[in-house]
Structure formats: structure tokens, C-alpha cells
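Order as written gives the chain letters A, B, C, D, E and F; numbering starts at 1 within each chain.
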Amino acid sequence: MPKQMVGALRVGEPVDSVFLVAECALRSTRAGGSYLNLILQDRSGQIVGRLWDATEAFAATIAVDSFVHVKGKVESYQNQLQLNARSITRAETEGLHLGDFLPQCERDPGEMMRELTAILAQVQDPDYKAVVDAFLSDKDFCADFRTVPAAVQNHHAYLGGLLEHTLSMAAMALKVLEHYPALRRDLLLASVFLHDIGKTRELSCKRTFRYTDAGNLVGHITIGVLMLEDHVRALPNLPEEKLNMLRHMILSHHGELEFGSPKLPMFAEAIALHYLDNLDAKLKDISETIAEDKNADAGWTDYSYSLKRRLYKG
Amino acid sequence: MPKQMVGALRVGEPVDSVFLVAECALRSTRAGGSYLNLILQDRSGQIVGRLWDATEAFAATIAVDSFVHVKGKVESYQNQLQLNARSITRAETEGLHLGDFLPQCERDPGEMMRELTAILAQVQDPDYKAVVDAFLSDKDFCADFRTVPAAVQNHHAYLGGLLEHTLSMAAMALKVLEHYPALRRDLLLASVFLHDIGKTRELSCKRTFRYTDAGNLVGHITIGVLMLEDHVRALPNLPEEKLNMLRHMILSHHGELEFGSPKLPMFAEAIALHYLDNLDAKLKDISETIAEDKNADAGWTDYSYSLKRRLYKG
Amino acid sequence: MPKQMVGALRVGEPVDSVFLVAECALRSTRAGGSYLNLILQDRSGQIVGRLWDATEAFAATIAVDSFVHVKGKVESYQNQLQLNARSITRAETEGLHLGDFLPQCERDPGEMMRELTAILAQVQDPDYKAVVDAFLSDKDFCADFRTVPAAVQNHHAYLGGLLEHTLSMAAMALKVLEHYPALRRDLLLASVFLHDIGKTRELSCKRTFRYTDAGNLVGHITIGVLMLEDHVRALPNLPEEKLNMLRHMILSHHGELEFGSPKLPMFAEAIALHYLDNLDAKLKDISETIAEDKNADAGWTDYSYSLKRRLYKG
Amino acid sequence: MPKQMVGALRVGEPVDSVFLVAECALRSTRAGGSYLNLILQDRSGQIVGRLWDATEAFAATIAVDSFVHVKGKVESYQNQLQLNARSITRAETEGLHLGDFLPQCERDPGEMMRELTAILAQVQDPDYKAVVDAFLSDKDFCADFRTVPAAVQNHHAYLGGLLEHTLSMAAMALKVLEHYPALRRDLLLASVFLHDIGKTRELSCKRTFRYTDAGNLVGHITIGVLMLEDHVRALPNLPEEKLNMLRHMILSHHGELEFGSPKLPMFAEAIALHYLDNLDAKLKDISETIAEDKNADAGWTDYSYSLKRRLYKG
Amino acid sequence: MPKQMVGALRVGEPVDSVFLVAECALRSTRAGGSYLNLILQDRSGQIVGRLWDATEAFAATIAVDSFVHVKGKVESYQNQLQLNARSITRAETEGLHLGDFLPQCERDPGEMMRELTAILAQVQDPDYKAVVDAFLSDKDFCADFRTVPAAVQNHHAYLGGLLEHTLSMAAMALKVLEHYPALRRDLLLASVFLHDIGKTRELSCKRTFRYTDAGNLVGHITIGVLMLEDHVRALPNLPEEKLNMLRHMILSHHGELEFGSPKLPMFAEAIALHYLDNLDAKLKDISETIAEDKNADAGWTDYSYSLKRRLYKG
Amino acid sequence: MPKQMVGALRVGEPVDSVFLVAECALRSTRAGGSYLNLILQDRSGQIVGRLWDATEAFAATIAVDSFVHVKGKVESYQNQLQLNARSITRAETEGLHLGDFLPQCERDPGEMMRELTAILAQVQDPDYKAVVDAFLSDKDFCADFRTVPAAVQNHHAYLGGLLEHTLSMAAMALKVLEHYPALRRDLLLASVFLHDIGKTRELSCKRTFRYTDAGNLVGHITIGVLMLEDHVRALPNLPEEKLNMLRHMILSHHGELEFGSPKLPMFAEAIALHYLDNLDAKLKDISETIAEDKNADAGWTDYSYSLKRRLYKG
């Protein structure tokens, strides 16, 4: 039985496939009955699922982040597709590919990693090079780095999103360095690579994306500085000044205290990193917001809470 | 008598040359005497000048923005050079080159203009092309555009500064367009050219730089939109939507209402323009702030009021 | 069949009349059925309409801003009136008066326009007079000016609202001028007239009120300055200083950058205009908020999002 | 010996007259000598005074807010007048008129008080009338009310300033009431009278103007509410609701929490009072700022710290 | 028939008891029927109540803040308990104890009052002592003071909450005074007692808790200062300076203008009072937010609007 | 020759002693001469020093942070003492006690350290205890910790200031824990100890106090988290959750993002730490501001830039 993808479901289509449970709640009807309301997900999107006449005992068997086998039919409710289930059972995880159930970057992580590595190979200063290599040669880190999304929502919120965002910034940084030759190439390239590494521990993406406790309590900026600390321990000759500049780049890249940076950018490369990050994130947020806007015909998107404005599609 | 440049004066050097008067005031000594205190300027910089035992009647003959012939000697006062004048007389303006007296871009305006024109020649959309050409073929505009500074102080505050800033942004825009191919090339290039054209009327640079009344009352953002209006009158077929997008790009390029933009950027090219502008202006401000910092030995600059922070020179 | 006005409908009343569709959506019931949910409007107000067992095909025939003929009965749902439709058909527009379907100022536009013209006739300075006359003699402008609302919601959100707001400010300005004789009469009166003219193009009121693309992208403040430009082109002798002061009055009338004015008011008349505008708008907003508050018996209104507070009715 | 007024002194004029000491400090010259530096004041203005070769013992005899008899000559120092004293002695206060030494309103307080009383006589509601009369019949209050300035600096900073400001607002309130007839006349008029009464205890104007301890610790807004409390104690029949509305008008008249109002205006008359106050204060501040600007020829004033902008004089 | 407490109700339990009506509204079902939706309350909590097939006439007989006798059964709806009523009738108030129906402090008010009185007995300065005694000997005040909640929601929102909050601050103040001996003991203790007395008139707690008109228009800070005024009238020898300091403590205890204090704390005891208040209120808010969080298993609470963050329960 | 202390110098006193140079600049007189202007310091305070007729060559031999032997006489200039030097020579550092030249805490560091250690000995949780012990047993850390000031200026700006501030908070924390028993004792005590440890590397106090490059680029909050990392490396069994909570306490103790905390306090102990820190720092700042205010007789201090207000001394 091949996987039926959420993004390909059509009204009236019979369904017999496995999905990941993103949310799950037992609800009652006014008439006194009860039904199970779920958000079902795979890598192509999410759909509401409903199982009528469910009991509390049954509901207790369906956990968020588990896989379920759903049989039923696609219907339309308030102009949105909905999966009316005839039966829902816990699925065997054996034989399932997690990659089928989580949104993923369109580009291949391996290819992106090779491109990023190629750019970072341009770093010549032996100190910055040693720092970069300490991360690139850390297999656990690399595995996380190529997997984690860049955010839970808003922009690059899919597996590989952090890598895609970092690679895009690195390629753009090469152009900025070409145009502003006074910028220190090695410092900027190394910092583009490092600026968001803390997200590998701020976000959990084993199943549905969420913030870890460390993410909420410490945050990716400080986590990133701590990960840097961890990796430079083996580099006793790294000059303190260079280490402080790398720490500063990570700390200040949000640009303003009220956006969570405990320090303002205080030299040219830190300013450049901040704008490279913002430019890439905002352009991605804009294109995703327009692509996902519900009113395809409207000239303007709905209000975007991340961008704090409506966007013109014209 | 060759022009002696301020930037080349050394302690003990006799002076016999012409300077532009940037400021002028009669001051008294505690002992009851009085002296004329001036800021003298040429394109290489400014120096304090002093003429002892000056009378009010004499002081009244020395106007700000006039040229004076100064004879005297360079001395050092509180670690700064100072020109102690033996005599100050009004200079004949005949034979003077204004260009010798105002700070100027290091690059040749003609060459920069050719480079900018070459970039703008890439605009293919006939509507945006017509708008660009309407300005490029306006000789009065072009003369102002290649002359005016980008600011009275902070960054690019020299003749040709606006052109240099605009050219830098245009060249950088080409790279951004290469990297983000979804951005509309012609819209962005035309808007980079137009975003600050209002500065040609916001700033006066005939002599020392200052804001015009129109600059203070209306501001370069609105002046720019009005100049656009003026130039598109001859283009009756320009679609209203494109005109509104160009207006929006000019209006929103400061990025936030509190920085004087009456509208937030509402589409991708407007966001890109905002970051291109900020990146170029901030990097220039940083490099000038560090270059001009008085304490050459210090690791940090003095507090910068435009950047609202001290900068690390390391 | 006479028009049945929304404001006069009572529970149990049979309805057989034409309404304007302000909003329209097909919704499903939990039981699997579907119904059409509409906001129906005429000049006296809005009412929810519902047609049960509607199909998607039928829903597609009902467009926002079209007229529909509704037969059914008024019922009460959660203490609000609701029109339960037996049938909904597209209405012939022939014979309909648009004025029956959009909220309108209680006062007659012609009379208000005569009063405003009479006040503006007091402008004596030939330059300001010429500017005022350029607008008053522009028939298209006048037609728009007497029609457009002052806002989509909050205050004066009805046809003729802008004219009523402007007239009220002009009459109040006469009193302010009497009390503060140092204020320049002609400058203030002309500016009161001009301050919001951009709203004629920022807002669309052909059917239900909404922002135009130009309104969202450029805004009424800049549009107003552009309309002024358009009208003074025929006045080559208008002194630049007076034109800049008029532009400044329009630009600065919101009083603060964060409210969308790119310039702060910089002379007495600009400050006076700002307070005249705010006083009239806020008092109107307060009286409308109290009048429309749902809990007629309560001593306090609900929280008002435009005023950012609850109001005391005592 | 007639009083020589500061405002009438001219360069070279011999001086033999009495002044009020606003500031006083012993300063040393670089050469090791010392001199007394004073700010001398009378109702027409302030002038710097200097007595050379003063001793610390002598300086200790000259107190701020005392009167001194100065003999000397007017000179010019850095384009400002300065009184070079030959001798300074403590003046007999007998025979001095305090009114000669403090800035005063140009209008006669008695006449202004009669005008204000006439306006307040229009209050018809017996409750509000009783409150107004309780203050008008309190001789101590009235004596203070007609004397105190409206501020230590910025606007109406002269004897009688509070009365002039209140009278101006009351007269303007009549016009606002005429134009907005829904406003409750008696509530607004009574509140205009009461809104700043706390300034009679917030400011001390016996000699040079300054804040009292109560002014700094409690502030005129709360003091005003307390003075109201004091005066309504004799009015047991005053309805609690009216008293709360009067308190609210006083408390909220600064319009925003960050300007020191603990409550936002919550009904129409409170909003009207806020704008009446701001309009009168700002217009006065503007006209005084322009009148007192040092550079009479300049088109723009210096930066005004109270208005947070430069003003256009055009 | 003993009172059945909301907090002890269990699914399936038959109910035959009296409750206080906190909210009441007639609602319609989609099918056209109607039901009465209530929030029923007693001192142990609130529960949703529903009576099916209610008429508008019947609904009009059930008033908010009245007592009703409900017969029915407890059911579960969307994981929350709900009381499905078979009958609802107005209850006789005779024999009811109001204390059974409003949330109350766990501690006994009499005991708390004795503890607070014991702490205040340490005030030795005869002036501050006289002020404290003026309140403690005012029986009406004391009755209100021991009854009123500290807030309508967020923290200490139960009968006796103000007393509990004040007592906790007073006991903590003793420790602060011990640690910072330079703080003036009597001033701080008296001010802790007085800082929130205005809440006795800002809040109404006869039935469900709400703001009074005086609370909304004047606020507890100013009401507190007025109550102080009232009580010191009988103390003619109280030095003005001490009175101003007490007023200042009350006025400034919110710490910042934007939190409703018209004055910033300007001496050490005022700062200490501000932190004592904030520490006690925030710790209480945190513990209540965690205790009441719906998702007992989650590691983080829902977003708290009063604290503007989510809380970690770990 | 015994050390003459700055704080004990009197007018007319001959001086022959060693001082630390805090600032040094060559200045010219108007008459063309030049003099050396210094700020001389020892642990008791600072005094202006002047050496007349100094040459640039001589000035170059006097470095900031060096020791100089000054012979001269104390005079009074503008009511401030001034040391007029007859001769200034570089001092032999041999035999000098640095402690004589830097401001120091009045209490003995050893004694304070013992008190703090005694409090920390109460920590019972083995994990938190291990963390605390890791620092207490680090001799280099302890040496820095008992030496460094808590700030360059504002509060506790003297050697031992950080220890005094931490000890005061720890002792106060014991009282807070006694009063709020739900707070986790060990977590709070350990965090009070750790919250500002980063200041040992943010501030340099070898000679005059200043920020280090690491202090400016990274800041004491992040440095503190890094130092924690360094010390827990030897504690492999420390649970991740406890480590994250300690990190969070350090990160969030400034309470708001705009004060440099990248995270808001998210549990009760973090809030308590924030208020303990603020209370101690503000009370110290207030008492120092009042003690150092120049106008001993005035009832109010000058404006304090750290507290953003003037203080009442009454």
C-alpha cells in the first residue's frame, strides 16, 4: 500500500494510509455525542481528521507524535479538505520513513552540505579555519545541522531549513565580500556558518517541530556560544581576541537588544552578518507568506504576524 | 601662489592661502580683549583659525560661506592644529575652484555616472526603462545628482556622495538579484536609482552643506516622490500600478515609520531596497567613524551618535 | 415592492427585498450539510443572512459587492437579528439607488459643500486662494470629495464623511483663528481643506468601503501632496515657500512619525491643524462608539480598539 | 535712583541699580585670581554679572534670591551683554517692589480674573457651580491662582501665567462648546478652571521660580485633586459621580500615562480638555521659542528641548 | 440540603444545590432551538451550566449576581466538567452565606489582621503612628480592608486578598529593614500598610468582583491618597513633609509612569516599597498561574497575559 | 615619607606624595603657553592636578595608569580643590601598595568571603553544591571574585564591590527564602552566587577601572554562562535540567530584553533573583548618589543619569 500524500488528496477520494498525529483531542457534539479531532500530517502538509463516536478510552490510545493508520474518505468542510475516518489504528513504525512525514527542504541536504563546505573551504586564516573544521568534522553536529529546521514556523520551517538558510547566506556573503572588500572574509564566512548553530539544540524535530526546554530557557544565541566553547577547547592556540569576535558575531546577529541580542553589533562584519541574516529570512518569509495565502485571488495577503503587515502580491 | 591644503598643514608652517569660512564668531578673552574665531575649510578638511585683537566692525565683514585670504602660522593647541592668523582679508573669487574647498568623493563623478548608467541600461521593462531614462536625460537633474552629498554628516558627506552611495547600491543590487532570482530585476534597479533623488533638493551644497527649507519642511522622501511625478508626466502610458510600486519603494525605504517612512515595505523588492540602503550606509558610517576617530591608539572609537554605540577597531 | 431597511427589521418579520452583499461564504454544519453565510447591508446597517442547504455551485454565483434579492424571515440568534433566507437570487441593478445601500452622512452633501465653500471664500491671500480655487473648480475632484467616507471604520465611516469632517474642522478653525489671531488665517483654512484630500483616492466607496492599492501602497498623506502638485501646475507664480508650507501641513498633520507623518509639525498653523483634526476625529469616534455599544444598559462601553480604552457613558 | 531695567541696558551704559540674584558662584581665572559670576534678573530679563577679584568670604555674603545693588558698566562678551561690576552690595529690601524683579504677564491679573469669573458665571448646574464658587470665594486660593506662573520654563513662565493660560482655555472652551453642542458645558468649563490648580502649590514664585518639595514629590495633578477634596468637603450634597468626573478630568488631562496622567481620558469632555490644554500650551511655547531665539536672522530656531524639534519662522 | 461545592463535583454526580450566577446568556443551536448558558460559581470555583430549551422570557428572570437553585447532573464536555440542568429556579437568599459563594483567602482574616496590627505596632514615630492608628481605628475601613480582593484577576483575586498581600509585604518589610538598616523603619511600615488602601473603593466584591466607576475613573492610587487625606484631617500636627512622603510612597509604588504611577520613586523607602510590592505580586501570580494551568502534564504553562510570558514548571 | 591621601588634602597644604594617573592631557593657555592637566587618584578619591609650562616631550613621559610623585600645593579653583604641581616625576613602583591607590570596600574581603561561604554551605542539593564548590575551590576565580568592583561607576564601584553586592544579596536571599518557603533554596542561593561572576572578566581593575574587550564584546551575562560551562565540565553527572536552570538564572537576571537579558525570567526563583539584584543595586546607588551629591545643603540631588531622576534627601 503506497503512502497517500496529504498534498495530493482530493474531495471524495477514499483514504487508506498512515499519517503522523500532530494534535489530538476528544470533542463533544452539542447533541451529547463525542468525536476525535486530529491534525494529521505528512511531509506534504496537514489535514484535519475526524472520527465520530469515539470514546475517551479510545482517545487515550492515540498520542501526539505517534503514527496512525487511517481509513476513510476526503470531504470538504468550510472550503477546507477534511478526512472523515471510518477507522483509526496505531500504525506499525517498522517500514515507515520519517522523511515521508515531516516537511522537508526541496533541495538535497547532502548537496547543500557539499556546497556550504566548499564555500567554507575558502577560509584561509588558520584560526578561523580550525574553528570551522572543528564543527565540520563533528559528525553528530553535522547530522543535526543538516536536519534541523530554521524555525518552528514563519520561514524555513522544514527539515534542512537551517542548512538551506545558512548556505544561502554564505553564498550571498561571498557576493557582499566581493563588493565590500574591506570586510574580513574569513571572519564573516566563519560567522555565517556559526550564527545559528544553537538552533540544533533549541529546536526538536524528531517528530513535529517544537522548542526544547533548553531552547526556551537558554535560547539558540547562548546555546550557539556554548557550542562554540565546546569545540574550541581543543584549539588552545586560538587567540582570545578572535574567539571574542566570533562570540560577538553570534551574540549580536539579531541586531537589537529587544530582539534578543544581548549586545549590539560593534564592528563591520557583525553589521554585515545581521543584514545578511535579515535579508534572507525576510525574503523567505515574504515568499512563503504569499505562497500560502488562502485567498489566492486577493491582491493582498492576510495580516502576517511575523512581518507585522499585509503584503502586496502585485 | 598655490593653494595650501588644510590636510597637509604641519605645525610651524607659514600659511598664505585662501580658505572657505564655515563658521565665524567674535569672542572675548577674560582679560577684556577680543579675537575672531573661525572654522576654515577646504576640500581636505577643516582647521580652527584665530585672529587676535579683532574688532566687531572687522568681524562684520567676514561672512560664513565667503572666501578669505589668510596669512599666519600653524600652531598646536590641545593636540589640535590651529591657524594663528596675522591677517585675514576677503578673497577674490575669480580664479578660485569651488572644488578645492568642499570635500569630494575620491572617485571621479563622470566615471561613476557612466558605471551607474551602464547598470541602469540593463533595465528592460519599457515602463521602468522610460522612467529611468526620463531622469538620465534630464541634464539639470543629472548635474545635481552627481554633485550632492548623501548627507550633511555621518556617511558620504562629500560632493558626489549620493552618486557614490547609489552606484554602490546598484552594483550590490546586481549581486542580490543574481542570488535571489525571484526579485524583479527592473523594479529593483530602477528603485535603487530613484530612492534618494529627493536629496538633490533636500540638501544644499553650493558652499558648506546644509538642509534647505524644502528639505526640513518636506524631506527627501516626499521630494523624491514629487520629482518622480514631475518626470512621469511625459509618460502617459506608464501603468498606474507600476507607478504606485515605484512611489512605494521610495516612501518605504527607511523601513520603519519612526525613521520617517510613512509606509512599511510591503513587497520583496521594497524589503531588499531597504536592506541594500542600510547595509551600504552603515558600513560607510562605520569605516568613516573608525577612520576619523581622534584616539588613534584606542581599541574603541568614541561613542557615535549616528550609530548609537562605540565601535571596536580590533 | 418598497425597500425594507435593515435598521427597521424586527423579529418574525417576513422579508422580500434587495440588499448589498458585504461578505459571503459557504459553511458546513457538523452534520455534513452546508449553508451560505452572508453579511447583507444597506445604508441603515448590516445583518447576518443564512441560506440553508446551499451548494458550492450556487455559492459561486453570489459575489461580494453584488446585489441580491432575499426572501425569508427575520429571526433572533444569540440576541442578534438574523435573516433566514428561503431564497436568494441575483438582483437586477436597474432601478436600484446605490444611495439606499451605503451608509450616508445625515447632512446633505450639497449643503455642506456650500457651507465649506463659503468658509473658504474668506481666504484672501491670492496664492492660497488660487490653490483652493484650483480644487473647488475641479468637478471630478469635488464629486469625489463630497462622496468619500473619512475612514473605512472608526469615525465618519459613511458617504460624505470626509466632507462632514472637513467642514466641521473648517468651522472650528474659524473659532480658533478668532481666539489665536497670530495664526495665519489663509494658510490654516486652505490647509484644513487640503489635509485629507488624498482620501478620495485612498478609499474606494463604489460599493462596500475598502482601501485601494494606491491607498495601501502610497497612503492618503502622500497622495494628497501629489494631488496638490497636480493642481498647482497651472499656478506658476505660486511662491515655492508657500507651496512647501502647504505640503508640510498635509505631511505633518498626523503629528508624530509613528502615526504616519514623515515630518513633525514645525510651525504654529501645522500644530493647530493637527489638534483640530484630532479633536474632531476623537469626539466623533467617542460619540459613535457610545451610540453603537451593544450593551445599552452598561455604564461603560466595550474596549475600543481605535481609542485603546473603554469609555464612560455616565 | 530709578530702577534700570535689564531689557533696556545697552553697551557702554553705566549701571547703578538693584537686581535679584538668580545664580551666584565664585570662579577662578587660570592666572590664579578669582571673580564672582552672577545671573542678575529683573522682570524684563536676565544678564550675566561679574565682579573681579572677589574673595570667598565676600561671595558667602551674596545669597541666591537676595537683592543686590550693583554699580558698574555694561559690556559685550561673545555677542552677549554682560554687566561688569565695580561694586556689589546687599540691597535694602525696603521700598523695593517684587513686581519689578520677576517676569510678569503683560495683561492685568485683576482684569483677567474678572474675565474668567464672567465665563465661569455661565456654569448653571448647581453642583458644578458650587464647586467653582468654593474656589472663587477662597481668597487665599485666588491670590495664589492669579500670581503663579504656569511653568518654571517653556510656556507662560511668568507671574500670572497660570491665570492667563486658564483664561485662554476657558474662552476657547466656549467656542468649542458652541461648535460641539453635545459636550456638557458646565462640566467642561468647571474642569478648565480646575485642571491646573495644583500648580499653585507645585511651583514657588516668591522669588525666582522653582518646584516645591510637594511639587516634586506629589505633582500638580494629584495636588489639584487634593485641593478639590478640600473645597468640596463643605458640599455634602455633591453627587459622587460628578465628583469622580471632576477628579477624572484633572487626573487625565495630560492625555497619556507617560506624560504623568494616571488615567487616560475616558469621556468626551476629558478628551476636549486635553486638546484645549495642549493647543494653548504648544502655541504659546512656539511663539515664545521663536520670539526668544538668539539668531534673529535665521529661518529656523535652535532645537527646542520642550518641543523636541526646530521651528520654522517663515 | 448541604451545599455541593463546585470544586468537589465529579462526572455523573447528581446536583441539587445553590450557586451564584457569574454570567448568563441565551444561546441558539444551529437547529433552531435555544439554551441558557451560565457560569455558576461558589467559593471553590466556577463551572459551566446549561439548561436546554430555555425561552427568552425565562432567561430574563435569571440575573447576573443572583443566586439560583440548580437540579441536574455533572457531565464532561471537551474535557471540562459541565452542569447539565434539569431545572433552574431563583434561590431564596435567606439562610445563604455569601462566604460560600465567593473565593476566599485560605487564611482567617481576623488572624491576618491581628498579625498586621502587631507589625504596625512597631511604628514608633508619633506622626506615622497617628496615621496608622487613624486607619486601624476606623471600623468601616477595617471591614472593607479585610474583605476586598487585591485584584479582579491575576493575583490574590479572592476575599481577603488585599489583606493577605499587605500582611505578606509587611512581614517581608521587617526582613528588608533588618538587612538594610539605613531604611526608615516607620516610614516603610506605614507605607506598606497604606500603599493599596485605595483598592477598598476601586473594587467591588459584594458579589462577583468588578471595578467600580470610581475605580475606573480615579484609580486606587489616587483614591488611596484621598483616603489618606480624609484620615489625616484629624491630625493637624502631622508635619507637611511627612505627609508628602506618605503621599509619594502611595503615588510612586507602581515604579514607572507607564504603569500608572504619576511620579517615579524618589527616595530609598519608595524604591523598597516598589520592589516589595512587585516581588510579592509576581511570586503569587506565578504560583497561581502554574497551579491553574490546564495542561497538568505539560512542562510549560500556557502564555500568561499578566506576566507576558510562558512559565517553566520544572 | 608617608602617603598623603587625596581625601584628606586641605587648601594651602604642601604636597609631596605619590598618586595614580587616571587621566592626562597637555593643554594650552590662550596666551600660548601650555600645561599638563591630570586626574590624580588614590583609594580615597580623585583630585585635579596641574603642572604649568609643560612641554609635549615631557607630557609624553606621563602615562595613564602609571604612578607619579607630585610636589606642590593644594589650592581652590571654582570651589574645588586642585593640586598645583611644582614638579611631577615617575614614581618607583617598588614599595607601593596598589591598595593605597584604588577605592576599596570598607569591609574586609576575607571576612566577607567567609560570610558568603558560610551561607553557601547551606546548599544541600548535591548537584548545586558541586557547582558552588567548583567555583569556591578555584583559587584564581576566588582571587578575582573578591577583588573586582561591581561596576565601573554607579554602584559598588570599588575593589571588593562585587563580593559585597553578592554577599548582601545572599544574606537577603536567606530572608526571602524564609518568607517564601516555596522557593527552591539551593537553586536561589547558588544563583545569587553565580549571577554576576562574569564581571570578573568584564571589568579590569588592575589600575583604574574599565571594561575589557571581552566585557564590551561579550558582556558579563554571557561570560558568566561560559565560566559556568568551564566549571561544570568536571561534573558529568550534573543533570541537564539543573544546568539549564542555572544558565537561565544568569541569563535572565536583568529582567527585560532591553536591559541586556536575552531571556525573560521564566520561573519563581529567576524572578526573585532579579528583584534581589535590583533592590540591592538601587538602594546602593541611591545612598551613594546622596552621599556624593555636591550641593550638601540642597534638598534634592542633581539629576542622576543611572537612576534617571533626581533624589529627595529629606
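Simple rule for what comes next: a residue touches a chain if its C-beta (ideal position, glycine included) is under 8 Å from a C-beta of that chain, and two chains touch if they have at least 3 such contacts.
None of the values given here were measured: they were computed from a predicted structure.
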Listed by label, which chains are in contact with subunit C and with subunit F? A, B, D, E
With over half of the numbers shared counting as same, classify the subunit B/subunit C interface as same or different. same
When the contact pairs of D-F are compared by residue number, which of C-D, B-C or B-D has over half in common? B-D
In whole angstrom, how far does the Cα centroid of subunit E sit from the Cα centroid of subunit F? 43
For subunit C, which residues are shared contacts with two or more other chains? 30, 213, 216-217, 241, 245, 248, 266, 310, 312, 314
Going by the touch definition at the top, which pairs of chains touch each other? A-B, A-C, A-E, A-F, B-C, B-D, B-F, C-D, C-E, D-E, D-F, E-F
Residue numbers of subunit F touching subunit A in their complex, please. 213-214, 216-219, 221-222, 225-226, 229-230, 240-241, 244-245, 247-248, 251, 257-263, 266
Of subunit F, residues touching subunit E in the complex: 168, 171-172, 175-176, 178-180, 182-183, 241, 245, 248, 264, 266-268, 271-272, 275, 278-279, 282-283, 286-287, 308-314
For the complex, which residues does subunit E have touching subunit C? 25-28, 30, 56, 213, 216-217
Within the complex, subunit D is touched by subunit F residues 29, 75-79, 299-300, 310, 312, 314
